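For clarity, chains are labelled A, B, C, D, E and F in written order, and residue numbers in each chain start from 1.
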Amino acid sequence: MNHEELEHFRKYREKMNEKILGSDHLGIKRFFNLDTQAYVDGALNTKTKEMLGLVASMVLRCDDCISYHILRCAEEKVNRAEMIEVFNVALVVGGSIVIPHMRRAFETMEQVLPE
Amino acid sequence: MNHEELEHFRKYREKMNEKILGSDHLGIKRFFNLDTQAYVDGALNTKTKEMLGLVASMVLRCDDCISYHILRCAEEKVNRAEMIEVFNVALVVGGSIVIPHMRRAFETMEQVLPE
Amino acid sequence: MNHEELEHFRKYREKMNEKILGSDHLGIKRFFNLDTQAYVDGALNTKTKEMLGLVASMVLRCDDCISYHILRCAEEKVNRAEMIEVFNVALVVGGSIVIPHMRRAFETMEQVLPE
Amino acid sequence: MNHEELEHFRKYREKMNEKILGSDHLGIKRFFNLDTQAYVDGALNTKTKEMLGLVASMVLRCDDCISYHILRCAEEKVNRAEMIEVFNVALVVGGSIVIPHMRRAFETMEQVLPE
Amino acid sequence: MNHEELEHFRKYREKMNEKILGSDHLGIKRFFNLDTQAYVDGALNTKTKEMLGLVASMVLRCDDCISYHILRCAEEKVNRAEMIEVFNVALVVGGSIVIPHMRRAFETMEQVLPE
Amino acid sequence: MNHEELEHFRKYREKMNEKILGSDHLGIKRFFNLDTQAYVDGALNTKTKEMLGLVASMVLRCDDCISYHILRCAEEKVNRAEMIEVFNVALVVGGSIVIPHMRRAFETMEQVLPE
């Protein structure tokens, strides 16, 4: 994603999460909470877990999820070389069908981890 | 997988990989080589990469791939608590459809990482 | 999808379906017909079938399909609380990877079923 | 699934769920709880929700999940004609790749809903 | 699949298709018919279409579908070298997650196209 | 994709591939090379292989991959009737979830293979 797409994603994500949680469906609220908890420091640290979230998002090919985990990985001090290794595992496991998502992932990485 | 299934998987994997590589298709041989190289120590260490391979296999729901990466994770000293954290990330990202694979993954873990 | 995206989807869907059917491929025509028939009242009523189509589209993560079935569900008098329950089942079965699609689904729902 | 496979599935499911929950991972326990809650009577009744779970499992092609929801649907008084309609929606949405799973689903249905 | 598994698949497929079609659901019957028609000689010949069916089954990772299309490809005079090329395209597009299915595909090929 | 989207795709693909390969990750470079080699004339000719790539991309539902293989198929003299047959196999194997991608594929085809 380029800068503008990334900004749009951040705002849209925030706005819609608020609406979804505002609907007061207990199951959905609990799921969102579980999702947050899954990446908290535990037997594995948050940095490792965010890389797990990133590779899972890449092989399942969800651009928004990929962008989100790239942002979080960068906050957790995953560096470019490490992130590209995550991309490579996703590429080998998931195949060439992952490439279009890797293009957008690379562009997102350039926003948050410039060379 | 239970003990017998795991033994069958190991032997079948070895036998068929030999046949596949014996067919001398250059592209397939190179792919197998790339696959091996993807988990070698680099910017990320092998232990982390094997956990990436495991979570990717779980969300894509491939039992053989899951068993293989559990075996490799155990060799790389991923402990039970860490492995269960990988299972949890896979469950949250991939949903309840992952559960039947997590059951078999848990059984495989018990073979290679008994409590 | 917001209002503009939804309008674009409706028009694009209509225009391209016409082109596809205009190509006179018998198999494709019959498939489109089967697809329509699958949601007609039978042992299950159309309302239930449209919710089945919606949950299937959500776990397979196809935004256009999701929008289409939300429109149809609303026509069949699925109310907001019911639709959110369908979203929840999709979320639990399909996992957090469904969330970005649920955000867009929620926005689509707000167009056709305002609070 | 035939009778023997279905019995094995039921026992294995119960045994491994116990082991998984016995590992005391809070996230996993909460996910299992959310999964159970998703099918409880609410804005939609349990019967409808179990059909949603079934169609989602079929298009995602998970045999264990399909068997589980067939058992639950039968308990909720989904009859054969209704269940076959769910199969048909799954087939149309998910395509011929669903057929091998529909064969096993049909065999499971014959166990729990004999003609 | 080995010889025994392949025989079981053929018989099970035949038996269950009969039961499914015997249920007299018009939509399902028409789908099965469409499925058969999709591989009949037309603008593309059956041999090419069966290879298309095979590669699609491999990237979607359905063992039964893969076995079926290998049998059909062999009947249409696809030779070993050609079939291995189809496997390679599936491997590159679908990634290492395809490998366990390629192992079973290779074994099936050895039954129907011995060296 | 319409003309403008197709032009954007071509340029973005070229620009980002350059960046990705410029990162000098050996595994990724080799994968891109393997991907190119998979479609070179061999036991199967390039035309057939590109149709295999197209059907695989359609059932996996990746719009960029679909556009790319449509462009390549047209260069390899796949005609409209043949391409529509590939679309039909993808539709039958992958189900109605493929339809939104087929709409965009049809539009792309009209750019490169006008009637």
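Please note the rule applied: a contact is a pair of C-beta atoms (placed from the backbone, for glycine too) under 8 Å apart; a residue touches a chain by one contact, two chains touch by 3 or more.
What you are looking at is a predicted structure, and each value in this text was computed from that prediction instead of being measured.
With centres computed as the average of Cα coordinates, no chain lies farther from chain C than B.
Interface repeat of D-E: among E-F, B-D or B-F, the matching pair is B-D, sharing over half of the residue-numbered contact pairs. Separating the CA-averaged centres of chain B and chain C is a span of 36 Å. Taking each chain's centre as the mean of its C-alpha atoms, chain A lies 26 Å from chain C. Note: centroid distance chain C to chain D, computed from Cα atoms, is 22 Å. Residue positions 27, 31, 34-35, 38, 56-57, 59-60, 65, 84-85, 88, 91-94, 96-97 of chain F are each in touch with at least two other chains. Within the complex, the chain A residues that touch chain D are 26-27, 30-31, 34, 37-38. Within the complex formed with chain E, the residues of chain A that make contact are 59, 91-98. Those residues of chain F whose C-beta lies close enough to touch chain C in the complex are 61, 80, 84-85, 87-88, 91-92, 96-97, 99-100, 102-104, 106-107, 110.
The touching residues of chain A, counted against chain C in their complex, run 12-13, 16-17, 19-20, 23, 25, 27-28, 31, 35, 56-57, 60, 62-65. On the side of chain A, the complex with chain B involves touching residues 34-35, 38-39, 42-44, 48-49, 51-53, 55-57, 59-60, 65, 79, 81-82, 84-86, 88-90, 92-94.
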